[in-house]
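Before I ask anything, here is the structure I am working with.
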């Protein structure tokens, strides 16, 4: 694992069909901890995550992880809002990223067992993944993202539409991996979840960083009036 | 109606007596069409998948050409292959005309666009589903194609079976390039054409029923082998 | 099972032992069933496996021109002579002849059964405008039919709807005639072997102009070096032998002789 993967966004702009979706953004991401990205719908949260992950086509500017891009990508994993299940068994879903990386069978099996136990799916290894419940799918997606021990984990609203118990399990898993040194960058709509997990908070509005601070200061005393309104539950656009 | 009945009877007797010619013709039909199927699948499955995942300048044109080729009349393919393989044609030195190999070539040309086109449509859907994950995992093109082919194998099986159905039932092209030579290039469909020409409808129909039965057995067999039915959606 | 494996072996392995050659023959010759008598005898006598390409005369000549077959056996004298003249074939060897017959509805609406000559029979059909099916495929039989209309003083291009050029082989044309209850010119062998006669009956035959000469033409190896001229030569030898004479003259369907051997012994 590469320590201290810090990213610097320089003049990043993402435009699609003449509309600016993100930017201009200039920001230096903290090298560790858990960053929560919040903001109203359409603020550019997903685009920001994809930009950091390197899968978004930039119209301007650049993202610098301090290492060549393909090295950075190998150290990252991404969990989508609606989990993408390969039409295979739970086991094969977990093995997939390992086999892409050319890991041996024995090592792969050990890891699969470890992660399946960790997410409570050890007894369902041979079930088809597309038939799991929503919560099970998202846990599987999370385990599949973590199985390669990424240095950076992106999560795009991983708990949208999930029941309380699944949310609790996923959050405790996230706290675990954070403690073991994985950098987490995550978007959420759930302000409660943001308060529970955040080390620092990025407040996005109209494609730009409207406010930024440690979780403590941001939630106690946000510096921008829009952030205040957003935290109060007002409609911000 | 009497013709159909006597056709059924003829088919029955051909089968129960294990008619030597029938067995030979049937095996040759299978040999030619299965060979064509394997070759066409090796070309068409990756091609169709590739077309589904890659964006390049002439992609739409390639897909349009593929769809047009799908409707290509087999006799035209037969005629072109004939002219190419004829001793007076560019590939005449190979001496392939009027051999099972020539028939395989013609059938490959006929069914490859069909299989590729069905593959493309099925893979486009699967790719839409897998796109974000495979991009995020930084997969190479080849890894993407392999993953889609593996997970879309049921759709691909359907595509291949459609190709097989077209190949084994095809008569126009293989008549021209195979020549319907007894004990060399005669297959079920050309034998049917021959018997119809002789006015022997019962035997022609009998062979027709054997052909239908064969198509059913092969379809069913492939489904059982790959156990796709038991696995349901996948 | 063993039988199946044996056949499988033959199919996949090909009949490797015997020498093979390809010969293009006309549909009418093949439909007569004579080839099923001659081919096994040839294989037995001279160890030659003759593979037949059953096509129309026009296509048979094209196959010979292209060098895709080693010899052709057809029945269209002027086309054959042109073929040899152009250097595609080495020579033309007459083997045997059969005859054409006029078939039609058993009610014989045009009353051709009593005609004195082929001309009269065709004239009767044209005047009655009775349905007539023509091969229309430029085959030997079709060429013969056109020549007969010519001789009777008609041009087929002037005919009305009753004259139907179907553009198909002998069997398919007979099928059409049978379903339309129409007149048709057919070679005797195809007619006798035809399984779907329906209400059709043989109405006119015997005029010498209806005789149909078959000739054997080896493809010229000077033009196509790959052709098996040795095999073609030994086949020619066999086809003109006494053994062939016996088999050809002795071939009968429903008691009728179909072919008359008339090859002239070499030297």
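For reference, chains read A, B and C in written order, and residue numbers begin at 1 within each chain.
We take it that a residue touches a chain if its C-beta (ideal position, glycine included) is under 8 Å from a C-beta of that chain, and two chains touch if they have at least 3 such contacts.
From a predicted model like this one, the values you see are computed outputs, not experimental measurements.
Within the contact network of the assembly, the step distance from chain A to chain C comes to 2.
When chain pairs are compared by their number of contacting C-beta pairs, B-C comes first. With centres computed from Cα atoms alone, the innermost chain of the structure is B. Computed from the mean C-alpha positions, the centre of chain A lies at a distance of 80 Å from the centre of chain C. Look at where the CA atoms of chain A average out and do the same for chain B: the two points lie 47 Å apart.
Chain B and chain C have centres, each the mean of its CA atoms, that are 34 Å apart. Interface residues of chain B facing chain C in the complex, by the touch rule stated above, are 18, 20, 23-24, 27-28, 31, 86-89, 92, 95, 97-98, 179-184, 194, 196-202. The touching residues of chain C, counted against chain B in their complex, run 3-4, 7-8, 10-12, 14-15, 22, 27, 31, 51-55, 65-68, 169-172, 174-175, 178, 193-197, 224, 226.
Across the interface of their complex, chain B is touched by residues 53, 55, 70, 73-74, 77-78, 80, 84, 86-88, 96-97, 100, 128, 130 of chain A. Put simply, chain B touches chain A in their complex at residues 126, 129-130, 132-133, 135-139, 143, 147, 151-152, 231, 233-234.
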